[in-house]
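In what comes next, chain A is part of two complexes: it sits with chain B in the first one and with chain C in the second one.
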Partner chain A sequence: MKKNYITIAAGLMLAALPFVGLSSSVVFAMGTTLIFAVMTIGFSFLMGYGGLASLGTAGFVGVGAYIAYFVVEVYKLPISVAFLITVAISLVMGVLVGFISLRIEGIYLALLTLGLSEILRNTFVSIKATIKINTSTLKMLGMPVGELHIYLLIVAVFIVLMLITTNLINSPIGRALISVKNSPSAAQAMGISLLKHRVLAFVVSTVFAAVAGLLYMLYVRNITTSSTQLFSIITSLNILGAAVIGGAKSLWGSTFGTFLIYGIQSMFLSKIKFFVQNPAFITMLTGVLIIIIVMFYPGGLAQIAMTLKYKIKNLSKKTNVGGAL
Partner chain B sequence: MLVSFVSTILGSLLSVCITCLLAFAVTLIFRTSTTTNFAQSSIAAFGCYTVAWLFAKGLPVWLGAPVGMIVGAAFGIFIDNFIFRRGRYVGILSKQIITMGFVSVFFGAIPLIFGNPESIPFEPLYNYTKHGVSPNIVIEIAGGELVVTKHALISATITLVVLGAIFYLLKNSKWGLSVRTTASNEQTAQLMGINTHKVTAISWALAAALGVLSAVMYAGSGVMISATFMGAIQVNAFLACILGGFSTFYGPIIGAIIIPVLANAVGFLANFKGLEGIGRWQMVIVYSIILLVILIKPEGLFGKKIVKKV
Partner chain C sequence: MNREVASINLQNAGSEIIDTKAQTEVAGSNIIEVENLCMYFGGIKAVDGLSFEVRRGEIFGLIGPNGAGKTTVFNCITQFYRPTSGRVLYRSTPEAEAVDLSTVKIHDVSTLGIVRTFQNVEVVPELSVLDNLRIAAYRSYTSSILTQMLHLPKLRREEDKVTAKAMEVLEFLGLTLYKDFYAHGLPYGILKKVEIARTLMSDPKLIILDEPAAGLNDTETEELIGIIGQIQEKYGCTILLVEHDMGLVMKVCNRILAISFGKHLALGTPEEIQASPEVQRAYLGEEED
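Showing the complex of A and B:
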């Protein structure tokens, strides 16, 4: 319960960002980072609790983006309809991949989802290479919608999905998932359905990725599929990296990891001249950071934070003992 | 019709060579280090940039290629020896993520070291314009023409020689035996007195060098070099590996032959009436076929079924 209140409080703080005088470029960067954070939460659920590796995130992001384009721009329907269609289609895809994951495991599964993502990306390029949404066509509940509204929508979706995932993890379903992760055979022997939980893990990650794609399309409104890295393996790898840096078992940790990979560059470093001239430097730094963290702190930043908390606790205990003496 | 079909299939010769080399590199690392090396294409791109830089300084590509391969091999040994062996808790997934970190490092380092990647001059392994020779070989058969680029033929010869030599060594040399033993079980191999550190280091060096070789071949065909230019080939190589099955060394090679040939065969269908637009869906169709095959036979075409122990 306490966790839920903290999440809601964090959401209110994020929603307040545009109203405290931050420049619109920083808010925009925050918005896109939160969109990537939605993907990362879904991915962390899949990897940290389902124990399944997927490299298909980018493809499902594309599904959301293309549905948003066709529903909102081509058929002029409201955003809520796009939302429903995205969830429905990505749900079906998640179930499909979940079934596949029963037959194929480990590295094969990761490479298979990579293939699936490539199929989706090639399909998108064949359907339409550039997708664009006009601001005037964006409508929610019959009202015209601006960038600020979309930002608030992103924060709301992020917080709701965060709450859903946290509560899923702390429910019997979450505990069953962990047991399936640790030993599928032993879990089955205890009467836990492998099919049900694998499918659930994939549905969560797929739906989250597709919803993130939808939000991205609404927020950025202009994507060139053939040249963008958004639907390529780079995004899937970056999301994986974010989850690992932050710690796949901690949702807020992986959110922070997303912030490190996507947020810092666009929010702070874009002001410093050196980094504007050499944007490649940050890419390199991210890579070095990933390598160091994986080498020495496999639990990610969340683990570092926990260790620090523990040490500080012990420190205060020692001083107490000292005081008693 | 038949002649033009054969000509279309021959058109995939170069991509067959490139994919074969990369697929073998991926398999070699997967078998000895139990990880998929996502940085394969980035190391290859870095080596290719080195060759291009030497070319700009006046060194022909066929002389620069070995230098680039040595640079790539050095990176391979570095990753294996100084990252994988030094990390405190490096498991299978962490190894994958480390190679992914290297993708970022190379993406950043390449523009920093070699400058703006716009249109770097490059040449095929044998420069035809300089020597005043036509770049194509044309054979007239049965009223049609078979066209093959000389670059593709040279690349095919090199690929055949290199892979042939490696396969011969794998089967008949002491090094090959130690690689095969490490691939089947690293711990047991260590107990048998094999220096597995040396084996994995050589595998990484070899794999990285082969990657650079394939990148040089690809760049020689006139593709623009960039940090990401080997990405699509790497995806094909990965899929070729699971199509052929990781459990043998020759399976991925056959997978790597199948994918480009299949792609060109699907592209050939555009000659028929009513299928003109199929070119756009070429890769979608090829990947879907591969996915179906993998679903039916998850261990790959030539893979062995692994029995799981509880």
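Showing the complex of A and C:
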């Protein structure tokens, strides 16, 4: 419960950002980073709690983006309809991949989802290489919607999904997922169905990725599929990296990981001449970070934070932990 | 008393083991009936035409040399394996219809009241001891996924109920101190106890223990003997166990079935089994003269 209040407070702070005099480019970078954070939360749930690896995030992001384009721009329907269709279609896709995950595990599952994602990407390119939403067509409740409104929508979606996922993790379902991940045979002996929970983990991550794609389309409004990295393996790997760096078992940790990978890149590194000329060095930086984290802090930044918290607590209390035994 | 009578009978009958099967044939008095069970892995006959029954309320031991197929029998009962042929019938109460366990899905076996432990402890390392017990009551939750997503009051009430039950079980096994510890890194003896505690969370009728004393020292084994007795007394359930520690088996079991190479060797009370020449031959090898 206390956790939920912190999440809501963080949401209010994020929502206040555009009103405290930050430049619009910083707010925009924040908005896109939050969209990627939505993907990371879903992915962390899948990897940290479901114990399943997927490299298919980017494909599902594309599904959301293309649904947004067709529903809002081509058929001129409201954003809420696009949202519902996105959730419905990605839910079905999540169920399908979840069924596959019962038979194929580990690296093979990652490869399979990667293949699926690439198939989706190529399908998108052949359907329409560039998707674009005109500013004037975007309306919510009959009012024209600007960039600021979409930013607030992103913050709202991010916080709601964060709350839902946190609640799920701290519920019987979350514990069941961890037991499926740690020990499938013990889980089954305790009456937990592997299939149901793996499907659930995939549905969550797929729906989150697709919703992120929808938000991205509404926010950025212009995507050239053939040239962007957004729907390619780079995005899937970055999301994986963010979850690993932040700690896949901590939602705020992996959100922070997303900021390290996407936020710092779009807010600071993109302004440094060296990195603008050599964008490959940014990817390299991410790689080095992942190696360091995996080697020294397998639990990610969340583990460092927990260790620090524990140490500070001990210092202030001066209690001997070993004495408890 | 019974044991004495049995041993006298044993002397009368020479070295012949009494056919205990004929003694009681009241329908429903058996909780498990294994009929002609076969489990083949390719050419290896792990279990080969085994039949036995476990009576309600007894502590039944399954012994045999390494590779005799003891764990395979357990896996066939709990549906981790689908038997090649034969069947396992289960009656949760004396009045209940017999259920053929091969028609039950593996994750539904626990809802019938059959719970098990594993040879190598299968405790969830990323959860606290308390949470390890709470997942064992997973099927008792009726909260929908939506209730869990929103943490509605109904979930809170159910969680409180399960937590209270878990605390009671922890208290019973003397694990209260460890409730907030992560299972990862706890001593082996404690983990074994946590696994037994977990079986008590789902109102079991039949507890299947796969080598409960493996890896325990003498003091811990002594404690385990006490625990097994207490569980049977307090929860009134039937216990079926596989064990290599003969001291433990002889002390706690009411009846013992010895098997070798997947085949029936001898069935009877601990004394009968100890005296059985077939069992001695299986364990110690053929005498040469």
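What we mean here is this: the second predicted complex is superposed on the first by the 302 of 325 C-alpha atoms of A that agree within 3 Å, B and C clash if a C-alpha of one lies under 4 Å from a C-alpha of the other, contacts with A are read in each partner's own complex, and residues count from 1 in each chain.
The rule is short, and it goes like this: a contact is a pair of C-beta atoms (placed from the backbone, for glycine too) under 8 Å apart; a residue touches a chain by one contact, two chains touch by 3 or more.
The structure displayed is predicted, hence computed values, not measured ones.
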Sticking to the clash and touch definitions up top, decide whether chain B and chain C on chain A clash or fit.
-> fit
Check whether A:112 is in contact with chain B, with chain C, with both or with neither, and answer first, second, both or neither.
-> first
Would you check which partner chain A:290 touches, where first means chain B only, second means chain C only, and both and neither mean what they say?
-> first
Please work out whether A:53 is in contact with chain B alone, chain C alone, both, or neither, and reply first, second, both or neither.
-> first
Using the superposition on chain A described above, determine whether A:298 touches chain B (first), chain C (second), both, or neither.
-> first
In the three-chain superposition, say which chain, chain B or chain C, touches more residues of chain A.
-> B
Look at A:281 in the shared chain and tell me whether it touches chain B only, chain C only, both, or neither; answer first, second, both or neither.
-> first
Once the shared chain is lined up, is A:241 touching chain B (first), chain C (second), both, or neither of them?
-> first
A:122 contacts which: chain B (first), chain C (second), both, neither?
-> first
Go through the superposed model and pick first if A:233 touches only chain B, second if only chain C, both, or neither.
-> first
Considering only touches as defined above, state whether A:22 meets chain B (first), chain C (second), both or neither.
-> neither
In whole Å, what is the nearest CA distance you get between chain B and chain C after the fit?
-> 9
Once the complexes are superposed, what residues of chain A are shared between the chain B interface and the chain C interface?
-> 183, 185-186
Considering the complex alone, what residue numbers of chain C touch chain A?
-> 78, 80, 105-111, 115-116, 118, 122-127, 131, 134-136, 138-139, 141, 143, 145, 148-151, 155, 159, 177, 198, 202
For the complex, which residues does chain B have touching chain A?
-> 30, 36, 38, 83, 86-94, 96-98, 100-112, 228, 231, 235, 238-239, 241-242, 246, 280-281, 283-284, 287-288, 290-291, 294-295, 298, 308, 310
Parts of chain A lying in touch with chain B, wherever the complex brings them together = 53, 100, 103-104, 107-108, 110-112, 114-116, 118-119, 122-123, 125-126, 183, 185-186, 232-234, 237, 240-241, 244, 278, 280-291, 294-296, 298
Within the complex, which stretch of chain A touches chain C?
-> 1, 164, 167-168, 170-173, 175-176, 178-179, 181-183, 185-194, 200, 249, 324-325
